[in-house]
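These are the structures in question, set out in turn.
Here come two complexes built around chain A, the first alongside chain B, the second alongside chain C.
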Partner chain A sequence: MIFNAVEIMTPILLAALGGLFAERAGVLNIALEGLILTGAFAGILIAAATASLLVGMLAGAAAGGLLAVVFAFFSIRLRANIFITGLAVNLLAAGGIPFVSTWMFGTKGVLRFPQLQRMPRLLEGVTSGINAVDSLLFGHSVTVYLAWLLTALAFVVLYRTPFGLRLRALGAREESVVLAGVDATAYRRLAIVISGIAAGLGGAAISLRLGVYLPNISAGRGWIALVAIYLGYRHPFGILMAALLFGFTESLAGAAQGLLAIPGTVLLGLPYAITVVAMIVYSALRARGRRHRRLIDSHF
Partner chain B sequence: MKYRNDTIYWRALRAAALPALAALLLLTAPSLPGLGSRDAATEAGFSIAVFVPGVVEGSPTYEMLVAGVQRAAAERPGTQVRVIEGGFNQAEWPQSITSLAATRDYDLIVTSNPSMPEIADEVSRSFPDQRFLVLDGYLSGNSSLYTVQFNQREQAFLSGYFAALVSSSRMEHARPGLRAGLLAGQEYPIMNRVIRPAFELGLQSVDPSAVLDFRVLGNWYDAAAATELANSMIDSGADVILTISGGGNQGVISAARTKGAYVLWYDSSGYDEAPGIVIGSTRVKLDHAAYLRTLEAIDGILEFGSAEMLGVADGFVDFDTEHRLFERHIPQQVRSELAAMIARLREGDLQLEMPTRF
Partner chain C sequence: MAEKPAASRTPVRSRTPGTVIALLAALLVTVVLLVAGSPSPLRALRAFFGGPFSNIYYLGNMLDGAGLLLIAGLGVGLAFRAGVFNLGGDGQIYISGLVAAIVCLAIPEAPAAAGIVLATGSAVLVGALLAGVCGLFKYLWDTDELITSFLISAALVPTVSFLIAGPLRNQQSNLLTTVRIAERFRLLRILPPSNLNLALFAALLLAPAAYFLLYHTVRGYELRITGLNREFARYGGIAVGAYTVVPMAISGGLHGLTGAFAVLGTHHAAIEGFTFGLGWNAIAVALIGRNHPLLLVPAALVFAYMEAGSKAAMLHTEFSFELASIIQAVIFFMITAQVALPRLRPRLRRPETAA
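Our next item is the complex of A and B:
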C-alpha cells in the first residue's frame, strides 16, 4: 500500500512543485492540467522516436515549458485574464493533442508503444529490515527519486538563493520588490515556465511508466496538484507531505476495496474525505499553536 | 496616462479574446453540424442517424456499431447515414436525441448503450413517428423501438470460467490459490447484477473456493489509477484480471506486464493489445447485429415494439479462440475445457438467462 502510494503521488508532486514557483510569484497556474497532458504526449512520443526514456522525460519537460511560455505570453506580457488564459491552455491541450495524434497516427484514441523500454527501478532488492521503510524508500521508478530530488532542489532555490527570496517577496509584497529594481514581469514569466517544465515532467512520468498515451491521461492530477500546493502550506516539504497524503489515501481506498465489504464507489470518495479532515485538523492545530505563541508573547 | 491605461486594457481584452474564442470553439466543436461522417440525409431514400453516446474512435463497441450500420446502408442504394457523437456527458444525451428526432430528417435513429432504451422511450412520447433501433439495451412494448440485448451473463461466465482454468493451470504467471480480479470502470446495474456475479459463477464452477477480487476505478479513463488498483489486486494474489474500464484497461496491462499476471479483454478481441499478457477475449458481434437489424429496418420488416436477447447459441456472443496468440499462449488442456464449456452453452446444455429488468 505504501509502495503504491509513493508511485501515485509522484506526478502530483512534480506538478505541484512547479505550481508552487508560480504561486509564490503571485500567479495561480490553473493550466497545470493541460501542461501535464502536453508533457505526457510529447514525452512518450519522443521517447518512442529516440528509444530513450531520458530524452522522453526531457521532451515532456520541454513541451510543458514551451506551452507555459505561451501561457506566460498571454497572461503576463499581454496581461490577459489569468483564469481565462489558464483554461484556454487546458482546452488547447485537450483539443490540440487529439488533432496532432490524428494527423500523425490516424487516431485520437490510445497510442501504444510496445517497443518502449520499461521505466527503470532503483534500489531494488535493498532492504532495511522494516517493511514500511522498504516500501517507502526502495525499488521505485526512477521518476520517484527524481521528484524527491526536485523537492529538495525547490527548497534550496526558494529559501536559500536570492532568486527564491525575490520570487517569494514578489508574491507577498510586489511593490517592495519592484522598488528594489527587480523586473517583476520577467520573474513571473520565469516562474510560469518553471511550473510548465515540472508539470510536463509529471506528465511524462505518467505516460512513460504506462508505456501508452491515452486521452485524459492526466485525469485531474493538475487540479489535485493545485490543492496540494495549499494543503502543503506553499512549502516544498509541505507539498511532499500533501502529495504523499493524496497517494496514501488513494492507495488505501484501492486496497480497502479488496478487503472490505463496502461498495467500491463509496470507498473512492475516501481520499477526498481524509484529505479534508486532515486539512481541518492541521489548520486547527496550527491556529492553536499560533494562539499559544501569542499567549506566551503577551506574558513577556 | 489615461490613454496608456486604455491601451493596456484593450491589449488585455484582445489577448483574452483569442483564448476565449479558442475555448468556445473547442467546447462547442462536438455539437457543430457537419461533423458527422456523411452529410445529412437527403430527401430521397432511407435516412439513418447513428447516435454514439461517447466518441467512436478508441471504442470498439461504437466502431462496430457504426461499421454495422454503414455496411447495411451500403447494401441498400439511396440510404444515407450520419454519425453523431454525443460525447461523454450522459446528461446531454436525452437532449441530443430529442434534437435529432425533432428535425424529422431521419427514418431511423440507431444507438447503443444500456441507458438508451429509456431515453428513446421518453423521446418517442413526443415524437411517436420516430423509429429507434437500440443495441445493448432491452425494452419491449414501445411500438417506436426495437432493442437488442446481448447475454452478458453468458459472456461474463465464460470470462470467469476461463480465468479459473488459467489460474489453476501451470502457465508461467499462474499462482497457487484461485483468485481472479475484475476491474470495473464504474458500478452500474448490469455490472453489479449480471457481470460480476456471472464472472464469479464462472470462477467457482471450476473451483468452489475461488475468490473474486472486485474493484472499481471510478471513471473510464484514469489508466495510472488503474495500474495501482491492478498492482494491489496482483499483490493480493490475483493472477488473472478481467478489465472493463475503458482507458483504464491500458493501466491494467501495464501492471500485469510489470508484476507478471494475465489480462482478459471484454467485448472485442484484445490479444494484439499486449501479446502474452492479454490471453483471453470474449466478443460481442454487435456489428453483425447492427447490420442485420438495420437492413431489416430499411426493408420495412423490422418488428418495432419487440426486444430480443442474443447470446452464445445465436452466435452473437463468443470467446475468440481462433486468434493465433490464443493458440500460441494457452495450453491445449485449457483450450479443450473452454471449448467444451462453449459447446454446452451453444447447444443449450447450460442455460444462463440474462435478466431484462434492473
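Our next item is the complex of A and C:
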C-alpha cells in the first residue's frame, strides 16, 4: 500500500511543484488539470511514435509548457482574467484532446500502445531490512525519483537563488519588487510556463507508467495538486508531504473499495471529496491560528 | 487563500470590443474546424448557420436551451457582481435536477401545482446549499470559494451518475435515465414537437427581476459595491460577510432552478449527464453579457444559437467532437483579454503590472 501511495503521489507532486512557482509569483493556477491532461496525451503519443520513454517525457513537458505559454500570453500579456483563461485551458484540453484523438485514431476512447516499453524501475532489490522503508524508498518508477530530485531543485531555486527570491517577493509584496526594477510580468509569465512544464511532466508520468491513454486520465489530480500547495504550506518539502498524504488516502480508498462494497462510479468522486475536506480543514486551522496570534499580540 | 494582488481578484468585467472579438474568434475557429472535419464543408457550414432555424423542432429546442442558459447565466453573473466565483454550477444543475426528479417520482399522486412547487423548491434549496456552503467557508475561514465549489460538485457528480444508472434506472429504457416523471408535473410545452416550455417565460421574468435587484435596490447596490471593492464596502459599513454567502447561495439556487426546469420542462426525467456542460456554457454567457442581467438575454440567445448550430453541423462531419467546449475555450481566452484598449485610450493611470 505504501508502495502504491508513492507511485500515486508522483504526478500530484510534480504538478504541485510547478504550481508552487505560479503561486509564489502571486498567480493561482487553476489550469493545472488541463496542463496535466495535455502532458499525458502528448507524452504517450510521442513516446509511442519515437519508441522512447525519455522523448515522451520531454514531449509531455514541452506540451504542457507550450499550452502554458498561450495561457500566460492571454492572462498576463493581454491581462485577461486569470481564472477565466485558466478555465479555458482546462476546457481546451478536455475538448481538444478528443478532437485530435478521433482525427488520428478514429476514437476518443482508450488508446493502447502495447509496443511501448515499460517504465524502468530503480533500486530494485535494495533493502534496508524494514518493509515499510523499502516500499517507501526502493524499486519505484524512474519518475518517482525524478520528482524527488525536482523537489530538491525547486527548493534550491526558490530559496537559494536571486530568481527565487524575486519570485517569492513578487507574490508577497509586489510593489517592492517592481520598485527594485524587476519586470513583474516577465517573472509571472515564466512562473506560469514553469508550472506548465512541471504539470505536463506529471501528466506524462501518469500515461507512460500505465502505457495507455484514458479519457480524463488526470482525474482531478490538477485540483488535488492545487490544494497540496496550500496543505504543504507553499514550501517544496511541505508539498512533498502533502502529496504523500494524498497518495496514501487514495491508495487506502482503493483498498477499502473491496471491503466496503462502494460502487466504483461513486469512488470517482472520492479524490475530490478528500481534497475539498482537506482544504476546508486546512483553512479553518489556519484561520484559528491567525486569531490566536492576534490575541497574543494584543496582550503584549 | 494566499494574498493575491488585488487586481487578479476583482470581478470579471469585460468591455464591448473584447466581447465582439471573442465572439468573432469563436465563430472563426468553429468554421475552420468544420471545414477541416467535414467531407462536405459547405453543407456543414450551411447546417451551422441555418440549422437552428430550419424547422420548429430545432428552433424550439434552441430557445429552450437559451432559457436554461439564461437562468444559470444569471446565477453566474450575480456571483461575479458580488466578487465571488461559483465554479460548481454544472454539478449543481445536475444534482438539483436529480433531486427534482426524485421528488416527482416520490409523490406521483400529488396535485400538479404542489408537486411542481415541491420539486422545484427542493432543487433550488439543494443548489443554494451546495454553493452557499462555499460562501460560508469563504466568510468563516477565507477558504477559496472557487476551488471548493468546483470540488464539492466534482465529488458529488459521480454519485448522481451512479444513482441514475443504477438504483433509479428505468429498466425499460435503453438510455441511462430515471423513470419519466408523471405527466401532470411536466411544464406546458409551447412549440411541439420541440422541447420549448414555460420555463422560458420564467427565465425572461427572472432577468428583469435580477436587473431590478442589482440596480434599483439598496441590497443590490451594496452587493455591487462589495464586488467592486471589499475594503471600501467594509469601510462604508456594508456587511461584507453577508454579500459573500448570500450571492453564492442565490447563484446555487438559480443553478438548482435550471436543473429543475431541465428535468420538469425539457427532459421529463433525469438522464445521465443531461447538463451537457450547461453550467460551463452559462459562465460563457455571463461573460458575453458582461454580468448585466438584461444583456444576458441576447448573450444566452447567441450562445444557444452557436450551440444548436454546431449540433446541426455535426450531422455533416465525419466524426462528432466536443465543438461546444472548444467554442467555450476560445471565448474564455478572449472575452476578458484587453486587446486593443490600452493603446486606444489615453493612459490616465500608471499601467498595472498585476495580472
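We take it that the second predicted complex is superposed on the first by the 255 of 300 C-alpha atoms of A that agree within 3 Å, B and C clash if a C-alpha of one lies under 4 Å from a C-alpha of the other, contacts with A are read in each partner's own complex, and residues count from 1 in each chain.
The rule we apply is simple: contacts are C-beta pairs under 8 Å (C-beta built on N, C-alpha and C of every residue); 3 or more make two chains touch, one makes a residue touch a chain.
Predicted model, so just to flag it, every value in this text is computed and none were measured.
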Mind working out whether A:184 is in touch with chain B, chain C, both or neither, as first, second, both or neither? second
Counting only touches as set out at the top, which of chain B and chain C does A:157 meet: first, second, both, neither? neither
So in the superposed three-chain picture, is A:276 touching just chain B, just chain C, both, or none of them (first/second/both/neither)? second
Once chain A of both complexes is superposed, is A:27 in touch with chain B (first), chain C (second), both, or neither? second
So, A:268: does it touch chain B (first), chain C (second), both, or neither? both
Quick one: classify A:142 as touching chain B (first), chain C (second), both or neither. neither
Just chain B (first), just chain C (second), both, or neither: which does A:66 touch? neither
For A:215 in the superposed arrangement: first (chain B), second (chain C), both or neither? first
Kindly classify A:55 by the partners it touches after superposition: chain B alone (first), chain C alone (second), both, or neither? neither
Superposition-derived comparison: chain B or chain C, residues of chain A touched: C
In chain A, both chain B and chain C touch residues 74, 78-81, 84-85, 87-89, 91-92, 94-95, 108, 263, 265, 267-268
Seen from chain A, its contact residues with chain C in the complex are 23, 26-28, 30, 70, 74-76, 78-85, 87-89, 91-92, 94-96, 98-99, 102-103, 106, 108, 171-172, 174, 178, 184-185, 188, 220, 223, 226-227, 230, 234, 263, 265-270, 272-273, 275-276, 279-280, 283-284, 286-287
List of chain C residues in touch with chain A within their complex: 1-5, 8, 12, 33, 37, 85, 87, 137, 140-144, 146-148, 150-152, 154-159, 161-162, 165-166, 280, 283, 287, 319, 321-326, 328-339, 352-355
Going by the contact rule at the top, pick out the chain A residues touching chain B in the complex. 1, 4, 7-8, 11, 74, 78-81, 84-85, 87-89, 91-92, 94-95, 107-110, 112, 114, 118, 206, 209-212, 214-217, 219, 221, 250-251, 254-255, 257-258, 263-265, 267-268
List of chain B residues in touch with chain A within their complex: 8, 11-12, 14-16, 18-20, 22-23, 26-27, 29, 55, 57-59, 184, 186-187, 213-216, 218-219, 221-225, 227-229, 231-233, 236, 247, 250-251, 253-254, 257-258, 273-274
